[in-house]
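Scrolling down, you'll hit the structures one after another.
Both complexes shown next keep chain A, but they swap its partner, so chain B is in the first and chain C is in the second.
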Partner chain A sequence: MEQKKETLLEIHDLSISFRMYHQGLEQKELQVISDLYLTIYPGEIVAVAGSSGSGKSLLASAILGLLPGNATVHGHLHYQGQELTPERQRRLRGREIALVPQSVAYLDPLMKIGPQTDGHEKSRSPERRRQLFARFGLPEETEGLYPFQLSGGMARRVLVSTALLTDARLVIADEPTPGMSLDQALEALGMFREMADEGRAVILITHDIDLAFEFADRVAVFYGGTTVETAPASDFKKGPEALRHPYSKALWSALPQNGFHPIPGFQPYPGDLPEGCLFAPRCPLKTAECTAAVPPVQEIRGGEVRCYHGT
Partner chain B sequence: MGLEAKNLSFRYSKKQPWILKDCNVTVERGQRLAIFAPSGYGKTTLSMLLAGYLEPVEGQVLLDGKPLPGKGICPVQMILQHPERAVNPRWRLRRVLEESGTLKEEMLRDFGIERAWLDRFPRELSGGELQRFCVARALMSGGEYLICDEISTMLDVITQAQIWQVVLDEAKKRNMGLIAVTHNYYLAERIATGILDLTAENVD
Partner chain C sequence: MKGSLGRLARIFLTYSIKMTTLLLAVSVISFALVSESPVDPVQQYILGLGTAVSPEQREQIEDYWGVDEPPAERYIHWLSELLQGNLGESLLYRRPVADIIGERFLNSLALMLCAWVLSGGIGFTLGCIMGMYQGQWPDKILKRICYIISSVPTFWLGLVLLLVFSVWLGWFPIGFSSPVGVLEEEVTIWQRLYHLILPAFTLSLLSFVNIALHTRQKLADVLNSEYVLFARARGEGPWTILRRHGLRNILLPAVTLQFASFAELFGGSVLAENVFSYPGLGSAVSAAGLNSDVPLLLGITLFSTLFVCVGNMIANLLYGIIDPQIQEVSL
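After this line comes the complex of A and B, so read on.
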């Protein structure tokens, strides 16, 4: 990795908590993300993998400043070397930083697909959009339809188009592929790859990790609201020996093509987190040290891992 | 014999185009069939027809040569793609499960359901945990056939493998017939005894 290159987005020690009513009028803070880190360089795709509820979508909201009012964010968020303040987030989102939302419910139900995809910033020529729709196999009539008339897979392709049409330097794609057939998913990921090759960057949040390995440069693995490992995508293609954290290895072995072996147990709940390493209760390598304190991040073989026993 | 879809066609009204036209599928007990088709092809509609949630406009669904029973628990059970939309949000999960029979300790253990979850509301569980309840609810009723409509697409791969382990164990133990709708070829190879590509079957 070219460590000296200037980062596009740098996140470290990020934590997010929500103020919630506990009993009656008593409030408590529920910490859902802790000590999260992620760095993105121009020209790369970073895939974010991890269990459901590990804070992947919250990270997207935090970068764009879209968290609800009861959320508190601590830590460092830097975009192009400067701190990402709420004011700056407002200015950048939708222009410099674009989002492919997770839910098809993000489409405006009362707006036709064509104008909706073009956006309201300035009038764009519909030519580029039509070319993009054609590449995605969306019929020409699509632009005149309303969202409720689309199938799930069509709506996904429209959502991806909205982000690809902007001139954003950073695209955050939150689960862009479910419901798409394999060909369509490959086409969409291929377009993200082209974007990145032009010097822009993509954060690809996904459960289809086997596809992500093929297109991404690096993979960040989240568990229980923290980053447990970041590694070159090629390590994930090589197999578990090339990976550093036991959870990453478990993810790899649970893929249908790699054995389909699930590890037992569940991710801990926010508010009920174990002491020390969050993965310790399910970890085959657990020792006394793991339950005593949260392991620090260490560099191993060109990747970073948060584990005392990382290999 | 088995569960049979014969020349199944469906559309919502005469003005609308056909969603499904002359579709034929058969699955026997003990067989596990994975169904492939592009998005918008009518896979979910087919699942709902087979499980008796929709009435076909043309053709019929036969179980051992007879139409699906109109009363009682349907012997063909379906598990939906989005568990959070398949349970009553205002019921605690104990009530969700008890809808299909009495709770048994070994059943909860087999399905990987923790006791503490029973007193929670659906929004207090993750998608993977909720999907276990949906699987348990469908299997506790003692059905003979199970239709799984993309039940693991929204889950991480470890949870996906956990859920399928439960479903497959139970299906083998009871010699159930199973139909799984999926986009993932590797998953289909893992779980199914046969693969059916709808686009290849029904070209007209």
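After this line comes the complex of A and C, so read on.
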């Protein structure tokens, strides 16, 4: 991968914990994201893969500064080289950084789709939205409908449109494709690709791993709230030998087309995280040092991996 | 359009049936209660005559009133008169009950409408402020005020207001709906409004707290929703969110509650009208109760049932107009 100097978004050692009431009035800090790293360069699509509960959606909220009040964030978030402070997040969201949320629940149930898609900024003309809807195969009368009248796939296309209508330099798409037909999903991802080629960037949080590999430049694999590996998407097409982390290899083998081989065990729950490497309890390569301390991030063959035994 | 007209007609018809049965039930129950009560309308009637009556005359009167008939027969007799529009004659005022209700109701309606608009406006505004500043000092202060007002009895609050504003400060009249010593025809609308302010304000205190606290909770729910989270992600500020999403989503429950408060309003008007000696239905019903004026009591009972029912029906119809989800589904 060619190394670009200017990063768009840099995340280092990000940890997020929630203050919860444990038993009675006893408070407890619940660590949900630990030592997460992710770097986004302009012009690329980074797919974030990982099972449910691996902290994918929380990452989006953290970047936008939309975590609930009981969350504590540690670590570094840099956008275009400058620290992403809450004040800056407020200024950037919706303008520089756009979100494609997960489901129809993110649309105001009592507002018609047209004005809702256009957003609160009056300067936007409905013309661009109509063109976009046409490209997505959304019928013209969609703009007069209410969210509850949309099918799941229509709602996703509307949600994707909201982000495409902005001039955001960074789009965070949280599961944008489920419910769409293959054609529509390809269309949506194709538009993300176009955005990226214009020099913008997309974080694609997804379960549709195959599609993600097709359109993304790099893939970040999350496990238990941390990044275990980031690798060029092409490595995921080559197979487990090209990957670095044992979890990435396991994830690859668990895909239906690659044999559907599960590994025993389950992802650790927040509040019950193991010492050292989070994957150690399930790892075939586990040694004493894995459980002693969290492995540092190493660069191997153009990818980054958090493992003592990365190959 | 034709479809929605038909739908409205259908809703209207269903409501009419429901309302008729409810009115029938209320008439049976209240008639039975009055028959079983120690109230003696004959005695009351004779007292009202102001002259002594011989036992024979008394018997004649009892015969005329049908005292010896079984209650069911009396009920049917009363109901058939009622259906012909005859509510009977008030023992207390010596005038047809329908006339009294009509006249008193206009006064009460003015009072209740003022109180209703005031309480809706104040309640909704305060609710929005509390919701927007949830957990911060404006919310805390307003919430305490709401709790205090809602735990204070209305009549007491009315007395305090009367004491402060009418007796000490002299800003408002002590009572009645028009100045004393002025002919009915000469009373101006301003004088009427002037007499209305204090009782209306007292009455509105009764229900605005309810609406304020309810609106606050609804707004808090809306602000915690996923669609507001997305609105924030799109760069909308708190007031834009209130304007674009908040009002839209809390208006429906607030309107429903506002129309459902007709019953409370009616109950409250009895107290407020008594405190301010305001000649409305509320003071008439307590006078009728205290003086065993059975025809007036029954008449007002039925009328207030109708009034509250209409309020609820309006709320239900508005539901369909405001909420597109209900509208589309029922089409």
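Observations on the structure shown:
The rule we apply is simple: the second predicted complex is superposed on the first by the 308 of 311 C-alpha atoms of A that agree within 3 Å, B and C clash if a C-alpha of one lies under 4 Å from a C-alpha of the other, contacts with A are read in each partner's own complex, and residues count from 1 in each chain.
Simple rule for what comes next: a contact is a pair of C-beta atoms (placed from the backbone, for glycine too) under 8 Å apart; a residue touches a chain by one contact, two chains touch by 3 or more.
Predicted, not measured: the structure shown is a model, and the values here were computed from it.
After superposition onto chain A, the partners chain B and chain C occupy separate space and fit alongside each other.
In the superposed model, A:75 lies in contact with neither chain B nor chain C. By the touch criterion defined above, A:111 lies against chain C but remains apart from chain B after alignment on the C-alpha atoms of chain A. Rounded to the nearest 10, the angle at the Cα centre of chain A between chain B and chain C in the chain-A superposition is 70°.
Of the two partner chains placed by the overlay, only chain C lies in contact with A:162; chain B stays clear of it. Of the two partner chains placed by superposition, A:42 touches none, neither chain B nor chain C. With both structures placed on the common chain, the touch criterion links A:99 to chain C but leaves chain B unconnected.
Looking at the shared chain after the overlay, A:146 reaches chain C, while chain B stays out of its contact range. Minimum Cα separation between chain B and chain C in the superposed model: 7 Å.
Partner chain A is touched in their complex by these residues of chain C: 225-227, 229-236, 240, 244-245, 248-249, 323-325, 328.
Listed in rising order, the residues of chain A touching chain C in the complex are 64, 66, 90, 93-95, 98-99, 101, 103, 105-111, 119-121, 146, 148-149, 162, 166. Those residues of chain B that touch chain A in the complex are listed here as 38-40, 112, 114, 126-129, 153-162, 164-165, 183-187, 189-191.
On the side of chain A, the complex with chain B involves touching residues 49-53, 151-154, 178-182, 184, 207, 209-210, 250-251, 254-257, 260-264, 266-267.
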